[in-house]
Every structure is written in C-alpha cells, then in structure tokens.
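Across the two complexes that follow, chain A remains constant while its partner is chain B and subsequently chain C.
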Partner chain A sequence: MATTYDAVIVGGGHNGLVSAAYLAKAGRKVLVLEQRHVLGGAATSEELHPGFTFSVFSYVVSLFRPHIIRELELARHGLEIIPLEASFLPLPDGDSLCRWADPHLTRQEIARFNPRDAEVYPEFGLAMRKMAHFVKSIIDQPAPDIGSLKPRDLAQLLRLGKHFQSLDPELMHIHLKMLTMSAVDFLDQWFESGVLKAPMSVSGIIGTFLGVRSPGTAYVLLHHYMGEIDGAFRAWGFSKGGTGGLSFAIADAARALGAEIRTEARVERIRVKNGKTTGVVLAGGEEIAARAVLSSVDPRLTFLGMVGEEHLDPEFTTAIRRYKLRGSSGKVNLALDAFPEFTCRPGNGPHMRGDIAIAPGIDYLERAYDQAKYGAFSERPYLNIVIPSLVDPTVAPPGKHVLSAFVQYAPYNLATGPESWPEHREAFGEAVIDTIQEYCPRIRDLILYKQVLTPWDIEQQVGLSEGNIFQGELSLEQLLFLRPAPGWGRYRTPVDGLWMCGSGAHPGGGIMGAPGELAAKALLRSRSI
Partner chain B sequence: MTGETTRTAGGTGRSAANGTPDVTVIGAGVNGLTAAALLAKAGRRVLVLERREAIGGLAASEEFHPGYRTAGVLHDTTGFREGVADALALARYGLVRHPEPLPVWAATAPGSGILLHHDPGRAAAVLGAQSEADAAAYRRYRGFLNEVAPVVRRVLDAPPPDPVRMTGRGAWPLLGTALAFRRLGRKTLMEILRVAPMCVADWMNEHFETEAIKVALALPAVAPTFAGPWSPGTAANLLLHECAAAGSVQGGPAAVVRALEAAARAHGVVIRTGAAVEAIEVSGGAVTGVRLAGGEVVGTTTVAASCDPRHTFLDLVPSREIPYRLEHGVRHVRGEGLAAAVHLAVRGPVAFPGADGEPVALARIGTTLDGMERTFDPVKYGQLPETLTLDAYVPTVEDPSLAPEGCNVISVLAYFVPYDLHAGWNEAARAAVGDRVVAALAGALPDLTGRIEARQVLAPPDLETRYGAVRGHLFHGDHALDQLLFRPVAECAQYRTPVAGLVLCGSGSHPGGGVTGAPGALGAKAILG
Partner chain C sequence: MPIPSPFHPRTQQHCTSLLWKDWAGYYAVRSFDTYMEREYFAFRQASGMIDVTPLFKYEVYGPDAAAFLSRVMVKDIAKLKTGQVTYCCWCDDDGKVVDDGTVSRLEDDYFRVTAAEPARAWLERYTRGYAVTVEDSTARLAALSIQGPTSRDVLRALAGSSVDALKFFRLTRATVDGLDVIVSRTGYTGDLGYEIWVDSRDAVVLWDAALSAGKPYGLLPAGLDALDVTRVEAGFLMNGVDYYSAHHCLIESRKSTPYELALGWTVNLDRETFNGQAALRREHAVGRRRAFVGLVVDWDEFEAHFARRGLPPEVPPGAWRTPVPVYDRDGKQIGQATSGAWSPILKQNLALATVRGGYGKPGTELRIEVTVEYERKRVRATVVKKPFFDPDRKRA
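Now for the complex of A and B:
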C-alpha cells in the first residue's frame, strides 16, 4: 500500500519549497514534485556553458522575506546574499548616472543633472520608506477579505485601517493616490530630470505588460524600498552561486526538516473526487495520494491544466480564464571572454557591481511599450543588466564573466502568434545585443555563449503560462482578495483540499517566499491535515 | 445674447451696497448656472460673471457660420442630474428628457454601421444580427450596471469624504457608503472592485466580440483623460459614466443651458456677460471681492468659482493667500485636453447607413480598440495621429432651427489631438485635423465631402483661449482614479478652500466634468451649509 502524504506540493520553485519547509517543520509528511531536473523553478542556477553558472531566469533577490530566512535558518543551509553596490544608467550621449548605496555620492551624481532633484531625492526616499512600512504589513499577512463580515476579518481590516491612520495625513493621501497613478506621473510630482525619472520609473513596469505612463505602475515603486526597511538585508542582492543558491538552501532546509523532494516528476493531473482532491497523477501514470495538494504553479495551469473544468463551476472557470498572464519580458544570458567595457564609464569599478539599466529617457521606455502593445518585441528595449561574476567568483572562470540581461518588452502574444516565437528568437536576441553594443561596443567579440529566452521559451522550460514571471499580472484587479480569482485570495480554492501557494496567490510574484509561507500557515491553521 | 448690467456706476469703484451680491459666481457654464440658481432659490443674492458674451460655456449654442449654430462643444447630456432638474423645476423652464440615453450609431465598416440602443431589449435585434453572443453580453453588461448604478450614484452625488479625517466622525458617511456597497452582495462588490482598476479594452473584450460595439461603448472611458483604451483605470471612467446616465436632454447641452438660465433668472440671479474676472481679492484670509478686466471691483464675501481650479488658484487668487502644498498640488493636477472640436455646416441630409430610417444624433467612428489605441500613441510624443476617433453629434436632428432649412450641423469631438503639438499649432495643423475628421466621417457618409459649406476647427489651445479650459481640458482635470473623489486636491476636495469665502463649484471638483450640474449643486450645498 502506497503512502498517503499529508501534503503534496506541485512545483519545486522557491515558493513550493518554502511551503514544504514550513509544513515539514510542523511535523507534516510532505512531498515536493518538480518536473525539471533542477529545483528552483524560475529561481534557479544552471551551468549552461562549461565553467559558467547562470541565474537563468530571475537574477536578483530583493524582497525575500527576512523572517523566512531566520525561521528556516537558510544561512546555515548555504544562503549568502551579496548586496548590489550601485544602480548604473549609461546614456547614449556618453554621460551616465550612478546611484550608490551612499546617499551623499548619489546626491552629487544627481546634482550634475538637476540640483533641485538632488535635494529632493533623500526626502523622496524617506517618504517611500515610511509608506513601504504599510505595504509590508500587507504582504506579510493573508489578503484582507473585504466582503466578509466575520469578526476575525473585520478585525484585520480595522487593524490595517489603524495602521494606515498612523501615517501622517499627507503621506496617507500620497499613498492613496499612488495606488492608481502611473510611475511617471508620480515621479513628476517630485522630480524634474528625465535622466533620473526614467531609471526610477522602470521598477514600476518590470515583469508587467504596462508602460511607465500606465496608471497603476506607481505602487510597485514602493517595493523597491521595502528591502531597505527589512533591516539585516540590503535592498537588492545576488544570491551566491546564482539565484538558485536561494532555492537550493530552502530545499536543503526542507529536507533537513523531513520533506521529500522529487525532481523530474511532472504532475499531469490533480485528482478530484466529489469536489475534493485526493492527490496527484504524474506523467507516466504514477498516482500519489495526499490529503492536501498545494499548487505552486500558476492558476491557469493549476485549474485549467491539472484540475480540469469539469471539476469547477463555470463562474470560477470564467474568472480563471480572465486572469491575465501576458508575459512581456525575456532574458538574454551571455558568457563573456573578458570584462565588457562600457564607454561612458570604463573599468570594472563598483558602478558595474550592481544593476545596469538601459533606460535612456521616458519616451524611450514608452516607445518600447507602444511597439509591444501590438504584438512585436521592442526594437530598442529596456534592459536590466547584471554581471554577477564581478562579485561572485564561483559563477565564471577567472577573468571571464557572465552577463544577464532582463529584457522588456517581449510580448508572449506576438501578432503572428506565440508559437511563432522560435522564428523570431534570433532577431530578438540581436536587438538586445545591438542595444548593449551602443554602450559597450566590444560586446559581440566577447561572446562565448549566448542563450536567448523568449516568453515562449520561459513557458516551455519552466511551465510559467505565457511566460509571465509573476504568474499573473500584478495589476490592481489581480491583487489582494482578487488574486487569483475574486473572493479566493486566501490560498483555498473551490476544490476542497487544494491550495494555492505560488506567485499566483497573494501577495504575488517576485522572489518573496511570502505566498509559500502564508499558504502553508493557512493550511496548518485550517486543521485539515 | 446681450450683457446685463448690475446696479453699479460702471468703470472702477465698488458696487453700490444694496447691489452687493451675497455670492458671486465665476463662470456661466452649466455648473456656474446650477450653483447660482440653487443659491438664489435658497434666498441668496447671486451675481454670475461670465467672461464671454455667450452664456453656457462648453454647452453654449453658438453660431459658427452664418445661419449655422452648434448646440455646445460637449454632446452628452445623459449625465445631467435629475436631482438638479427637480430641485430647480427645470421642466417648467422647458427641459425635456428622453426616456433613456439616445442610441449611438457605431461604424462597423466603411459605409456601414449599426444603431445601438441603450435598452438591451431594443438593442438585441440589431446586435443579434452581428453576433448572438454580443446581444446576450450586452444584456449582461447593462444588467450589471443597472444593479450597481444606484449605489455608485450615491457616491457621485454626495460630497467626497474628508480625506484627512477618515476616522471618528468623519468616518460615518464613509461607513454608510461602505455598507451600501456591501448590501450589493459579496459577488457584486468584488466585481466592482475588480472592474474599476482595469483598462476599458480588457473589460470590453471580456464581454463583446464586435469591435465596433467595443469602440462605441469605450469612448466615454477615454474622453475625459490622458489615456487610450489600454490604459488601466479607464474602466472606472466608463463605469461611472454609465452609472450616472439617465435620459438624454432633448436639444442637447444648449437646451440644458436655456432651462438653467431661465430658472436662474426667475430666482433673481443677475448674469453679466462680457465680465472677465481678473482677480479674486483677498484680505485677512477672506474673500473681499472680485476685480474685473477694466478695473471694476465687485465687492463680495463669497465667491463660487466654476472655472478650472488651476485658473482659480494659479491666476485669480494672490499666491501669498494659498498654502504652498495646495499650490504644489494644483500645479500637478493632470489635465491636458486631447480632443479637438470640429463643427461642420452641411448642406442636405445627414443619413447614417444601417439605421433603418431612425434618426441618428450620436455617432462614434473608430476602427478597433487597437486602432483607437494607435490614435492615442502619437499624442504622447506631441504628434497628431494619422486617423482620429470621432464622437459625432448632429444637433439638427432634434433642433432643425440650428441650421437653414434642409441643412445640418455635425459637431465632432475628435480624439486624440495633442494640446502641445511639437510642430506647433497653426492653420495647416488645424486644417489637418479638419481633413482627418472629414475623412473619417466620409467613411460613414460617402457623399458628405462635397456638401460641407463650412467647418470650424478648435484645437485644444483654441478651446483654452475661447472657453478658458486650462490646457484645453474640457473636464478641468483628468478623470483618473487618483484624481477622482479628492478633486482637484485634498485640501479643497469638499468645495471649501483655505481662503474663507472661496468655494469651488466646477468640473474640477467631485464628481468631475461633463454636462452634469453635479459639482455646481454640491458647491452650492457647501455654501449653504
């Protein structure tokens, strides 16, 4: 007789692993099933070229909840975060702007473009950090249930209200407006210089199919400031050994706590009987029984792919069909024979040891978006480049480098259909390299190996529907109690025993670990396992 | 229309004491007249000062070519509040309403179109011929709107909550509204919260198949704001627009003005035209009078300003009298017009195809939602799009007296036309707008071109000079989620301002622009206390 698990977790990405670790920590018998040969989902590291280790998909760690690091003792399991030192913006005219960890240096840099902006910059940061405190309280607990009249839910709403009240009236008002403003409109209220506003505004659009002028993008700027208030950890960092280093540490922690983890075990179906899940079926037919199933894969794949419409009511199915995924970004990974010199600020100084933004102006970014709206990749995209080998010698041979470029926009839904991406992959990669070449003329000569990932490839490789890196757009209508479907923001699903624990659940995507943790805790609290 | 004089000596100097009004209203548009009439009805001595010779502002009927008159720059009268009409007994002054909003003709292809009735029962036959699914979807769409409209209207017709006092006593009205929403049921409440932040394109795509229907319905969502159909938050504009809609006023905006003017005069309101207010005089933090062009000072302790708040605070009130934060906020109110008004004098009939002999007063001409978005893209860069999306109104359908016998007037609001045309506004640019409007119309009315006797093109800067619409914005500031409710800025969102005696009563205040009379009524209410 086969074992019945307390919980089976579909998907071995960082959220699935966090859920597993918390459930195992509470003494439950847990199994994680990952379809690939490697763990981490989109937070993984792979040696794609001999001697070169890449953070294949996501490339920086910023929002990972610090209490999870403590509670799961991830440092003991090998996690090491190396902070980013700067945010570097090369400009086509040969100038550049570098924002440093040191506020004084940053002010000096900004003052070269606009002295007034330099004065306002610290003030802005302070306001953002204060507001980020409020956001933190939202992402560290389950979504409020606005339609519920249960005392417990009302109390939560009231607590949030009180917390909100503790902001001073001006900030409260800014905060309210910020919810629905565009990143550019919001920054316009503070700053004048486009050189400063453009690289600041991009944090509002990363991974989202919206432009910097699209309403709703301002709020995401706050996330940028959240890392800073978490104390022990600096805002943005590389995980040593690549982003996979984080996932592997969580996996080690989970195993140490008693969780089982299987790779190359693709879940084909989530079994449902009389409205209740009884376990999963793997590709190949193996059946695994479980009292609860936690899905860390996206809602579309979970419900329309693994559960099946026949087990869902039509209204819920409609909601899942309406759930927008719309991948809009891609990735280009390069193994380089030598350090790539940037003309505007030569040398491999600290300015290269952070992230490098190709975002020369708001109109540049908006035009990139305009092209993508109608189903074409941006000819001159926004790039976010990192060269982790400068600070982490374990990822490349001495003197050689890995360069990872996050690319936006690359719409999954090309005008010619998503399945035509393979025909456009080469041209897309060339557009990216052409863009880099404008700032780093020698780049082509240095390339030893090149990997181009379109949203189609991301979907094929890690299973993220439409290649959406957040498992669903982080737009207001898909957040909080609306994520992944209206009224289902508390990890439970209409299928009894099936829980959501990935980025498609509150509080959403990014390497946060929060959905995984909150889902596990909600399941434990339900006393159903 | 001739200017009427108050009992003053004329020229400079204060008005005679017995002529001193209790309230001086700036602007004789729909909101100014509404406020004036309501205040006079409550026993106040009211003087209205209108800069122009015509009464009615953007709703005024004006001759644009010998023998041809418009019925206003704005077209839509469905939002005119029944509460205002009732309070002023406007029926007695000639106001007649249709039982429901006028049907809208939508271009489906060059030379063909459909007439979309508001009532889904009447619309079913026409829609069904296009798509059975659309007929059903339209029923569902209207069903949802009918369900939520009473509660949404409650928000639209009440003063907004005090943005800085949302606890304690200030919270009660808010709680009342929250409960009213809650009574709609959890599902409907969630749906409102889901739809509001969406982009109108997504909302339309969830319902309809036929692009022409989507475009025709979506136009009011983008008209009052700097947005294309793919901009998030535009669904909220449509939701609010639809929820506020009642029967159209027979005769269009000009008919609203006629009734309001008659009611106002009957209650003793004195209206002076050709009286441009140049400054609001303030002493000791309180209003003491207004100074007209030419130097005349009208003594008054209360001013109700129906003009754009940016004009009120940045031009009329001495800047030392307003707090810096208010000034900063007002300066950052977003509102740059994106519509040109084009009036055509047409010989012979205007017969839209496919209307089955029914008269067509309103027509919306675009291609697809994507096509509409493409007409929005260039304006972000200060360029004029090649094709325009039209909101056309044929006032002569209801009021043939506006044109010579057998002739017609077509008034068009053409989207999207930038205020800040980088190449500069000149006669050639205006002609280009006119040509593009005629080209789009000719797609629907093939024999039109040869019958145009005259045309008047008012680009956004022209609308600014003529009507005082700051930056050509017809709604005194974008209708965007962050600029609704706490409008124009938090410090004077409840109509009263930090200057004692200065009250706002125009489109720049909640619930915003359009021929509604709502901010006028709420401003008057704030004065009456």
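Now for the complex of A and C:
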C-alpha cells in the first residue's frame, strides 16, 4: 500500500520549499515535487559554463521575510546574503549617477544634476520608509477577507483599519496616491531631474506589462522599498552562490525537519474527486496520494493545466482566465573572461558592486514600452545588470565574472505569437548586448558563454505561465483579497484540500517566502491535515 | 567616502593622530593630537583654530530677501541690522524644528544662512512670490573659526585693528594677506571668538596667515572633539544629537518645537505670518511638553559610587553623546540626557537633557543614570541655567 502524505507540494521553488519546511516543522508528512533536476524554481543557481554559476532567473534578494530566516534557521543551513553597495546609472553622454548607502555621498552625486533633488532625496526615502513600515503589516499576514463576518476576520479588518487610521494624514494621502498614480507622476511630485527619476521609476514597472507613465505603477515602487535585511528597509543583497543558495538552504532546512523532496518529478494532474483533491499524478503515470495539495505554481497552470475546468465553476474559471500574467521581461546571462569596464566610470570599484541600471531617461523607458505595446521587444531596453562575482568569489573563477542582465521589455505575446520567440531569441540577445556595448565597448570580446532567456523560454523551463516573474502582475486589481481571484485570497481554492502557496497568492511575487509561509500556516490552522 | 575640505592640504599635515570623522560629507579632524586636551585648553586659555567649512552655507539675496527670511525663520529677520548676525531656528508647518543656525545680514538685501543640514531645497520651497535668490555657497566658501581669550589679538595681528571694535554677533569686511574676507564675531564655543569666511580657493593662504599671526598668542589647530566639550560647556544644542530635525523623524514624538528646545527666545510670535506660526501660538498658549535643560551631576555622590567599588571616579575623556535616562526623585523616568562632558575648566560633570515640562526649572533635583563598574546607578543631578560656562569676555 502506497503512502498517503499529509501534504504534497507542487513545485520546488522557494515558496513551495518554505511551505514544506513549515508543514514538516509542525510534524506533517510532506513531499515536494519539482519537475526540474534542480530546486529553486525561478530562484535557482546553475553552473551553465564550467566554473561559472548563474542566478539563472531571479538575481537579487530583498523582500525575503526575516522571521522565516530565523524560524527555519536558514543561516545554519548555509544562507548568506551579501548586501548590494550601490545603485549605478551610467549615462550615454559619459556622465553617470551613483546612489550610495552614504547619504552625503549620494547628495553630492545627485547635486551634480539637480541640487534641490539632492536634498529632497532623503525626505523621499523617509516617506517611503514610513510607508514600508505600514505595508509590512499587510505582507506579514493573510489578506483581509472583506466579505467575512467571522470574528477573527473582522478583528483583522478592524486592526488594519485602525492601523491605517493611525497613519499620519499626510502619509495616508501618499498611500492613496501610490495606489493610483503612475511611477513618473508620483516621482514628479518630489523630483525635477529626469536623470534621477528614470532609475527610480523603473522599480514601478519591473515584471509588469506597464510603462513608467502607466497609472498604478507607483504602488510597485513601494514594493521595491519594502526590502528589508537585518531590520533595515530598502536593502538588497546577493545570496551567496547565486539566488539558488537561498532555495537550497530552505530545502536543506525542510529536509532536516523531515520533508521529502523529489526532483525530476513533474506533476501532470491534480486529482480531484467530488470537489476534493486526493493527490497528484506525475508525468509517467505515478500516482501519489495526499490529504492536501499545495500548489506553488501559478494560478493558470494550477487550475487550467493541472486541475481542469471540468472540476471548477465557470465563474472561477473565467476569473483565472482573466488573471493577468503577460510576461514582459527576459534575461541575458554572460560568462566573462575579464571585468567589463564601463567607460563613464572605469574600474571595478564599489559603484559596480550593486545594481547597474540602463535607464537613461524617462522617454527612453517609455519608448522601450511603446515597442512592447505592439508586440515587439525593445531594441533599446531597460536593463538591470549585476555582476555578483565582484562580491561573491564562489560564482566565477578568479579574475573572471558573471554578468546578469534583467531585460525589459520582452513581451511574451509577440505580434507573431509567443511560439515565434525562438526565431527572435538571437536578435533579442543581440539588442541587449548592443545596449550594454554602448556603455562597455569591450563587452563582446569578453563573452565566454551567453544565455538568452525570453519569456517563452522562462515558461518552457520553469513553468511560469507567459514567463511572468511574479506569477501574475502586481497591479492593484490582482493584490490582497483579489489574488489570484476575488474571494480566494486566503490560500484556499474552490477545490477542497487544494491550497495555493506560491507568488500567485497574497502577498505576491519577489523572493519573499511569505505566500509559502502563510499558506502553510493557514492549512495547519484549518486542522484538515 | 568623504571629500576633502579646502583646508585639507594643511589639516592633513597637522593631523598626526589620523583621527578623522565624516562631517556633512567632508573629512573633518576629530583631534590633531592623540589626546585632545591641548586643543581644548587652547580654546579656553589661548586660541584654537578649527575648520568649519562643512557647515552648510546659503547666500540669500534680492529685494525681498529680508521679507523672505522673516517668512521662513521663527525670528523676524527684517529687524536684523546690516552687519548683524543672529542665531535662530526654522520650523515646518506644525512648528517642529527643522534645523538651527545663524543668519547674517551682509548688506541691506543680502543675507547668509548657516545650517547643520542641507537647506537649499527647503528654502527654495518658499521662494515663490518673493524676489529672492538662494545660492548654495557651501563649497564656494571656506570657513575658519578662531576661538578663545586671545582670539582678538590673533585677529588684530591677522586683519588689522578694524576687527578690534567688532561687537558680539556682528560682522565686518576685512583684508587678510590681500584676501577679501568677512569676519564675524560668532562661534560654537561660548567664548570670545571669530569666524572668517573666505573664497575656498584662498583657504590655504588664510590658514597659513592665521597660524603665523596666532603663534605669539598660543593659537593651535583644534579638532571637533575639543570643540564638542566647549559647546557642552556653552550649553549649545546640536541637531542630530540633542534633537532630531523634523525632516528625519519616523515618529511624531521625536520632533521638537523651539520652546521644547529652549529656543523660545528666538521666536518672534506676533508679526506677519511665518512657517509654523499658528502651531507655535497654540503651544505658547498651553505651555511646552518638554524642556531642554542643563544638568550638573552631583560630584560627591558620583565619587561615592566609585569609592564603594574601590575605584577613583572615572569621567570620559571627551564629550559623550550616547543618551542615558533621567529620572525624577521617585525614580520615574522623565527624560533623557543626550550629551555631556566633564568640564575641565568648571571641574563639573555636565549634561544636556530633555525632560518633561514640569521639570525644567533651575534648581530642580533629578537623577541621571551612571554606569559604575558595569552596574547602573542613579546619581543626583541638578537643573541649572545655561550656559554652564559664560565668560564676560564673550560679549566684551
């Protein structure tokens, strides 16, 4: 007689692993099923070229909940996060702007472009810190259920209401503005210089199919200000050994707590009988029985791909169909023979040890979006480049480097259809390298190995529908109790025993771990396993 | 990394201790010697010379300059006479202090503002409707402060007898070694002293001239550690140490009004509208919540605590700025001391503290926390009038 698990988790990404660890910690019999040969999902590391380890997809860590690190003792399981030192913006005219941890230095840098902005910058930072402090309480608990009359839910709503009321009125206004304005409009209220606003505004569009002037993008700005390392907000870091280092540490912790983890085990179907799940079926036909199934893959793949419409109400199916994925970004990973010198500020100094943004102006970003709107990739895209080998010697041989470039826009839905992406992959990669070459003329001579990932490739490789890095856009209509579908914002699904535990659930995407943790805790509280 | 001040070529030569700190983004000497006693006693017995270039400086000029500054400052700047300097603070709309500094009237429609923090963006926020220009002169102007009982002699030797007649908180134009400078009788030591304002490109020439003119009068280069002891003795509060600018506070309770900082005397309440006026009127009517006071720690009690552990009394070698709790006589915490120092000249253990409103009267007996051999003790401390040290020569 085959074993029946208390819970089977579909997908071995960081959220699935977090869920597994919490369930195992509570003494449940847990199995994680990952289709690939490596764990981590989109938060993984792979040695794609001998000696060079890449954070293949997701490349920086910021939002990962600090209490998860403590509760799962991830440091003991090998997690090390190295802070990013600076935000560097090279400009085509040979100038550049670097924002540092040192406020005086940052002021001097910004003042070269606009002295007033230089002084407003810390004020903006303070306002964002206050906002992040407010939002933190939202991401660390399940989404409020506005329809519920249960005392527990009402109490939560009341607490949230009080919390909101306790906000300084000025901040409450800022919050409302952030929910509705575009990133650029919002920044216009504070700053004058486009040189400063452009690299700040991109935080509002990462992973969405929107432009910096599209309403609603201001909220995503805040999402990027919430990053917290060691209690300090607005902190970003590299996971040692690549982003996979984080996932591998969670997997290690989960195993130590008794969870089983299988790789190269692709879930084909989630079994449903009489509106209740009984387990999963793997590719190849193996059946695994479980009292609960947690899906860490995105809502579309879960419901339309694995559950099947025949088991769902049409209204729910419609909501899932409408759920916006619209992948908009790609990734280029390079193994380099030597350090890539940037003409505007040579040397591998601290300015190169953070993130490097290719975002020379608001119009540049908007033009990049224009092409995407009509189904083409940007010929001159926004890039977010990191060179983790400068601070983490484990990822490249001595003197050599790995360069990771996040690329936006690369719309999943090309005018010629998403399946035509393989024909455009080479041209897309060339556009990215051409863009880098404008700042780093020698880049082509240094390339030892090149990996180009289009949103199509991301979907094919890790299963993220439409290659959306957040498992669904972080726009207001898809957040909180609306994520992934109205009324299903608390990890349960219309299928009894099936729970959502990935970025497609509240509070959303980014290497946060919160959906995984909150889903596991909600399942345990339900006493159904 | 901080940037060098215009005096850096010289301060670097003299700073044998290699003790530097970051002051508003500039390299600043903490002390030239390994121990700062010599520099402290130069300030109090002869003269000390300190680079204060990192102070933020703004030139405010135009036909409406006086009206504009009266609008943003708590003091009625229009009343300031040409050649006069004043100390004041400025507030946000809620009457919470943003920063404090000096305002000098160089000409009828030309002022200079000094600040602890960048203020240009803030000042410019209110310029609409005024015929006024705000220029950040922080980098363009170097400032050298010469403080101490012999500083008048040093200035006479340096800039001639025209400076001799300069009164307290007045300024004058002068010539040093062919350089046009402005000399103001101001400073942060609470003593007789002057500050010299010069084009940054001429900073080194001024330094050399001052050092050679000051030699017969015991003038020494001094650092911020010595200055900090003198400013505690003078009872001067410091932005970021004794209070927080309203611009940096995550929580409302951290902000302070001028009355709470004992800067009520700088507020001219009844006049045309100025920033924070309505809120300050309300506070003035109901009374302040907190008071910023000077404390003298009872030496006998302090010594007795150490004696009980077989130790001589230990005072820190310089000024401290790690806040410690302050209690009332019943042991209830009613505030905090935010900086303090052993005063070598007064032979007193001094502290600057923020306490609840009712505890601000001179003569009030409080308790301050003191750590003796890793154990926390409470020692009697008495509220006294500031400044602690106030020599006649300061104003004479």
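Couple of notes before you dig in:
Just so we're on the same page, the second predicted complex is superposed on the first by the 523 of 529 C-alpha atoms of A that agree within 3 Å, B and C clash if a C-alpha of one lies under 4 Å from a C-alpha of the other, contacts with A are read in each partner's own complex, and residues count from 1 in each chain.
In this section, a residue touches a chain if its C-beta (ideal position, glycine included) is under 8 Å from a C-beta of that chain, and two chains touch if they have at least 3 such contacts.
These figures come from a predicted structure and were not determined experimentally.
Once both complexes are superposed on chain A, the partners chain B and chain C fit side by side without clashing.
In the superposition on chain A, contact of A:130 is made with chain C only, not with chain B. Using the contact criterion defined above for the overlaid structures, shared-chain residue A:29 touches neither chain B nor chain C, since it reaches no partner.
If you count the residues of chain A touched by chain B and by chain C, you find the higher number for B.
By the touch criterion defined above, A:179 lies against chain B but remains apart from chain C after alignment on the C-alpha atoms of chain A.
Of the two partner chains placed by superposition, only chain B is touched by A:363; chain C is not. Look at A:475: by the touch rule set out above, it reaches chain B but stays clear of chain C.
In the superposed model, A:122 lies in contact with chain C only, and not with chain B. Put simply, the three-chain overlay gives an angle of 80° at chain A, taking C-alpha centres for chain B and chain C and rounding to the nearest 10.
In the superposition on chain A, contact is made by A:105 with chain C only, not with chain B.
After superposing the two complexes on their shared chain, the closest approach between C-alpha atoms of chain B and chain C is 7 Å. Residue overlap on chain A between the chain B contacts of one complex and the chain C contacts of the other is empty. The touching residues of chain A, counted against chain C in their complex, run 102, 104-105, 107-108, 115-120, 122-123, 126, 129-130, 133, 168. Chain C makes touch with chain A in their complex at residues 1-3, 22, 24-25, 118-122, 124, 136, 247-248, 250, 252.
The residues of chain B lying in touch with chain A in their complex are 163-164, 166-167, 182, 186-187, 189-191, 193-198, 202, 206, 227, 230-233, 325, 332, 334, 370, 373-374, 377, 380-381, 480-482, 486, 490. On chain A, the positions that touch chain B within their shared complex are 146-149, 161, 165, 169-170, 172-173, 176-181, 185, 188-189, 210, 213-216, 322, 324, 363, 366-367, 370, 373-374, 475-477, 481-482, 486-487.
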